[in-house]
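Each structure below appears as structure tokens.
Heads up, the next two complexes both have chain A, just with different partners, chain B and then chain C.
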Partner chain A sequence: MDLNFRYELLAPEIAVAVTAVLVMFADAFRNELNLKRNLLPQISLLGLAVALVFSLMLGNVSDDFARLVQIDEFTTFFRVLFIAVTLILIIGSHEYIDRHVNHIGEFYGLLLFSTVGAMLMAGARDLITAYLAIEVLSFSLYVAVSLSKNDPRSGEAALKYVLLGGVASAMLLYGLSFIYGVTGSTQYSEISAALSAGNVDFETALILGLVLVIAGLGFKASAVPFHMWTPDAYEGAPIPITAYLSATSKAATFALFLRWFAGPLLPAIDHWQWILALLSVITMVVGNLVALQQHNIKRLLAYSSIGQVGFMLMCITAISEQTGSALLLHLVGYLITNLAIFMAIIAFYNRTGKEEINQFKGLAQTNPYLALVITSGLFSLAGMPLLAGFVTKFILFQSVVSAGYLWLVIVALVASTVSLYYYLQVIKQMYLYQPEDDGNGSNHRWNLTVTGYLSTGILFIGVVWVGVYATPFYEFADKAIAPLFA
Partner chain B sequence: MTEPDALALLAVFLIPLGTALLLMVVPSTERSLLIGITALSGFAMFIISVMVFLQYDFEGAQFQGVRSWTYMENVGLLGKDGIQLKVGIDGIAAAMVLLTGIVILPGTWVSWKIQDRMKDFFILLYILTAGVFGTFVMLDMFVWFLFYEMALLPMYLLIGVWGSTRKEYGAMKLMIMLLAGSILIFTAIFAVYAEAGLGTFDLTRLYGVQFDEDFQKIYFPMIAIGCGILAALFPFHSWSPDGHASAPTAVSMLHAGVLMKLGAFGIIRLGFQMLPEGGEFWAPGLMVLGITAALYGAISALRQTDLKLMTGFSSVSHMGYVMVGLGTLNVIGWSGAVLQMFAHGIMTALFFLLIGGMYDQAHNRDIPNFSGMARQMPVWTVFFVIAGLASLGLPGMSGFVAELHIFIGAFRAYPLVGGLAVLTAAITATYLLRMFSQAFFGEFNERWEHLRDITFAEKCGATVLAGTILLMGLWPSPWVNRISTTIAETIPLVTL
Partner chain C sequence: MIPLENFLILSGFLFAVGLYGVLARRSAILILMSVELMLAGVAINFAAFAAYLDVDGFSGMIFALFVITVAAAEVGLALGIVLRLFRERRTSYVDAANTLKW
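Take a look at the complex of A and B:
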């Protein structure tokens, strides 16, 4: 068998990984070499930019690396997405990281390593590679969650995350071993061939494998009932990591969902479709209902993101090329929106050190720009027009209805309306109340730093751009999904 | 006659949207600049909508000024002409555009009184206006719904920040109920798109699809109730009096004057025009709800002492007439329904303008607290009486034209309903005349000696609105021609 070891196909991953190592070395020898602290984010940004260029250069390639990693439009889509997320994240949060995070060298290193893991999850075409990619992403995040300075919640969150994450990984691996046992291969293409040939004798084993795989992935995507770690991890983690968990970590899991359930596992659709339908209903209902009771903005966003996962799972349930492209479009809109909110919250926290919802009182007067960014972000998550959420959610729901799952969408619509209620609670604090004076001038107007304006500004424009003219994004998503159904 | 230009239809919602964007960069301390910009913008909207209405040729094509720009096509689930920015109006939409243009002009003028965060107020108000205009001129279901939602979105903050009496409660109740309605509309839109299988949201093409009868019977009520919540359809009207009572003046004007009509317009556009058989099946139901709302609203208005709540319930009652008119399924009843949408929009805007002008000084709206106000505020009283007489359907006022059509239509379809509708008009006269005698006449209450008559801006605004009431009442043919030709020729469901 001829294996194709063209390493240039992995140039983006290699570039990011090398950058990660460089950053950690630069941190280790910082005192000896007299390096400034600001150099670390700068190196990271440079490395990511290089990787972004590499990904775009590989945009038209359709090839595989040693039958382990597939390079096609789908991989390119997620490479660009993940690199862009990490770029924006570092721009928007380097001040926060400087002040509130232990071991900043490791922090940037882990962030970059996890990006590599996420990119490989989207590209993998072999179960083992996919599993390793998941673990690269997860292990980096287990550690990164614990790096918050002076916050006891951080360690607790990390412990909870690592313990539950370990169980989930074990389930996933066990499930994969069943699938391997039934089909005799870890290659996606061969699994697919074996399942569609219909000569699978061990149906029980297959179902058991599927259930375990869905449970494992459900944990990573924080689908109910595997979501227990999410609010605690979100609350305890440094805010940039919370943002990262809600963005890249989720999107990567859905990349894997798409690769697996539209590819190797598609022939077994009758066995898993109802499980995912059920999972999606519970997830959107529980996520949105529990969010109603939250007082901490990070916990609120944790549950809101769980609700969003429910919407996305509908697409996997009703999998087709149309729902797939709708899901990719929605992921773009969701990522931009969520990051916009988190970047704004980081800027807010940098200034005030607060993160309870009722501490956002009067923000519309002390910093109208930031209030506008948060408001448009929350309205976008709720699916309000002229913002990203409206278009992407509309297309997503329509695609699921067109695939014959009207009842799922009705549940989603109700859940989505409930979500507006708790988003309005935040907006209410910002606009309806006067700022509180705690004696330290907290009711005076203030401005963001340059990088704060830059990151929130880019994302705000993104939210409006997708909301007003989503066509290029949809076309990109449509192109990206095509190889999965070719 | 010429057709209205597509660019004018585009301008009518791009102007408020552009103004909102422009205002964002104007510093909030520059009050006179803000006033200048909004004055220009409000006037431009008014002129263009009058132009559009006059240019609409009732002997011409069904949709005029039609033009489309591709937004998304041949991607994902969308086929050719998937989603487009397609503008075009028929006689009904022309009247609604005119209504919005007439209401936003005084709405802008009276809002200059606002001291607190005036800039933000206008940004939100104009986003709302853009949403309303957009809904009236769009012929693509996706974009139509986008603008529809856009008109609802700013309401929460407009009421929550600038409102009065129980504003948080009113704002949240309104938002939740309207969005619950959106769920139903969403569902129907998704189902229609999937069922039609054309890969396009183009309404004119969807009108050509013959949907299965059972499908129509299921989805018509979804649209009717979803949009009906916004039109204060009984029993989903309860947000409306509270919302109106707590909203600031200009928002009440636009909301009761225009936004509620958006709901009725949605029932026509998406409901009757797209799912005619469903509409035919459910029309009696609509009529029952309509007459119930008319009676219930009028009886509730009898019991109110708060001026705004009274007007709010009166709106519920008048919107009930609209539903009765739609339920008749004959041209005269339908014409009455659309005329009523217009007439009620103008007079209720005048009501809220006047109530606002008084409340800003007195900080009190309880009818029993006032008496003999005609002595202290003569101009205010005159305008109030005009609005009131239009509301109770005095001949020579716009309300008469509309209600006469509805009554005749209702008598033809269901004489009993016609009788009840006339009874409602009598109750309306009772609560209005009683209010007049309590508040305007009788012995003057010395407590209100400090009150001045309404300001110059309010007088101008009231003149525009009262002028429209009289014009339509005395010379209704421009409205009737446009509306009834559209209905008779383009809505096959409706018979003579």
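Take a look at the complex of A and C:
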């Protein structure tokens, strides 16, 4: 068997991983070499920018690395997405990281390593690669969640995350072992061939495997009833990691969902379709209902993101080229929106050190720009017109309806309306109340730092841009999904 | 030759014992050990399937090796996190981790 070892195909991953190692070494020898603390985010940004250029250069390649990693438009789409998320995240939160995180060198290193894992999850074409990529992403995040400085919630959140994550991985693996046993291969293409040839006569083992795989992936995507870790990990983690969990980690899991359920597992669609439909309904309903009673902004966004996962699972249920590209577009819109909100919350936390919803009182007076960013972000998540969430949700619902799942979309519409209530709670605090005066000038006007303006500004423009003129993003998503159904 | 079913029963038993342990134990260390049992079941499953069904290929064996390696890494990492919790609360029981609710 001839394997193709063209290492240049993995250039973006290699660039990011090398940067991660460099950052950790730079941190370890910081005193000896008289390096400034600011150098660490700068090295990370530089490495990510190089990786971004590499992934764009590989944009038209369609090849595989040693039958382990597939490089095509789908991989490129997620590479660009994940690198961009990490870039923006570092720009927007380096001040927070400097002040509120233990071991900043390791923190940047872990962020970069988890980006590598996420990119490989999107590119894997073999179950072993996929599994290792999942663990690279998860392990980095387990540790990163625990790195908050002087916050006892952080260790607790990490413990819950790592224990439940371990169980979920074990279930996923047990499921994969049955799929391997039934089909006799770990290669996506061969699994697909074995399943569609129809000579699989171990139906019980196949169904058991599928159920366990869905449970494991459902945990990673925080679908109800496997969501119990999500609010705790979101609340206890440093805010940049909360943003990262809700953005990259989620998108990477859906990349894997798409790769698996539109590829190797597609021939077994009759066995898994109803499970995912059920999961998506429970996730939408529970996520949005429990969000109603939250008083911590990170927890609120955790439940809101669970609700969003329900919408995304609809697309996997009704999998086709159309719903697939709608899902990719929705992921882009959701990532931009969510990051915009989180970057604004980080800026707010840097100034005030607060994260309860009723502490956002009067933000419209003390910092109208930030209030505008948060409001447009929340409205976008709720699906208001002219903002990203409306367009992407509209296309998503439309594609699911045309795939014949009208009842799912009706549930989604109701859940989506419910979500408006708790988003408005936050907006009410910012616009309808006077700022509280604690004697330290907390009711005075204040400004963001330059990088704060930069990160929130880019994302705010992104939210409006996708909302008003989504065509380029739509075309990008359309092109990215094509190789999966070729 | 020992039939494949015997291996599958063994691995299923290990997995079930591990899952029970995760649900029933209250000490973080014992929960970790139970996760290890689940992963041991997985590794046996992969090795057995590789030996019986995928005779020309090694991917199942390689997968089993990776499962064992990653499991070891996971324990090291989780123990570090347990240690952090222990420093703060002087206990490794998961019931003590109760500040985050709903």
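Going forward, the second predicted complex is superposed on the first by the 486 of 486 C-alpha atoms of A that agree within 3 Å, B and C clash if a C-alpha of one lies under 4 Å from a C-alpha of the other, contacts with A are read in each partner's own complex, and residues count from 1 in each chain.
Going forward, contacts are C-beta pairs under 8 Å (C-beta built on N, C-alpha and C of every residue); 3 or more make two chains touch, one makes a residue touch a chain.
Because the structure is predicted, anything quoted here is derived from the model rather than measured.
**Q** Based on the shared chain A superposition, would you classify chain B and chain C as clashing or fitting together?
**A** They fit: once the shared chain is superposed, the two partners occupy separate space.
**Q** Check the residue A:104 against both partner chains and state whether it touches chain B (first), chain C (second), both, or neither.
**A** After superposition on chain A, A:104 lies in contact with neither partner.
**Q** Now for A:159: first (chain B), second (chain C), both, or neither, which partner does it touch?
**A** Only chain C is touched by A:159; chain B is not.
**Q** Once the structures are superposed on A, label A:170 by its partner contacts, choosing first (chain B), second (chain C), both or neither.
**A** So A:170 only meets chain C here.
**Q** Name the contact category of A:411: first (chain B only), second (chain C only), both, or neither.
**A** neither
**Q** Between chain B and chain C, whom does A:478 touch in the aligned arrangement: first, second, both, or neither?
**A** First partner only, chain B.
**Q** Once the two complexes are overlaid, how big is the angle at chain A between chain B and chain C (Cα centres, nearest 10°)?
**A** 140
**Q** Mind working out whether A:135 is in touch with chain B, chain C, both or neither, as first, second, both or neither?
**A** second
**Q** Is A:448 in contact with chain B, with chain C, with both, or with neither (first, second, both, neither)?
**A** Neither partner.
**Q** Identify the partner contact of A:384: answer first if only chain B is touched, second if only chain C is, both if each is, neither if none is.
**A** After superposition on chain A, A:384 lies in contact with chain B alone.
**Q** Between chain B (first) and chain C (second), which does A:184 come into contact with in this model arrangement: first, second, both, or neither?
**A** Touch partner of A:184: chain C, not chain B.
**Q** Report the closest approach of chain B and chain C over their C-alpha atoms in the superposed model, as a whole number of Å.
**A** 25
**Q** Quick one: which bits of chain C touch chain A in the complex? Just the residue numbers, please.
**A** Of all residues in chain C, those touching chain A are 11, 15, 18-19, 22, 28, 31-32, 35, 38-39, 41-42, 45-46, 49, 53-54, 57, 59-60, 62-63, 66-67, 70, 73-74, 77-78, 80-82, 84-85, 88-89, 94, 97, 99-100, 102.
**Q** Residue numbers of chain A touching chain C in their complex, please.
**A** 126-128, 131-132, 135, 139, 142-143, 146, 152-153, 155-160, 162-163, 166-167, 169-171, 173-174, 176-178, 180-181, 184-187, 231-232, 235-236, 290, 293
**Q** Considering the complex alone, what residue numbers of chain A touch chain B?
**A** Result: residues 322, 325-326, 329, 364, 368, 379, 384-386, 390, 394-395, 397-399, 401-402, 406, 409-410, 413-414, 417, 420-421, 424, 427-428, 431-432, 469-471, 474-475, 477-478 of chain A touch chain B.
**Q** Residues of chain B touching chain A in their complex?
**A** 71-72, 75-77, 120, 131, 142, 145-147, 149-150, 153, 156-157, 160-161, 168, 172, 175-176, 179-180, 182-183, 186-187, 190-191, 193-194
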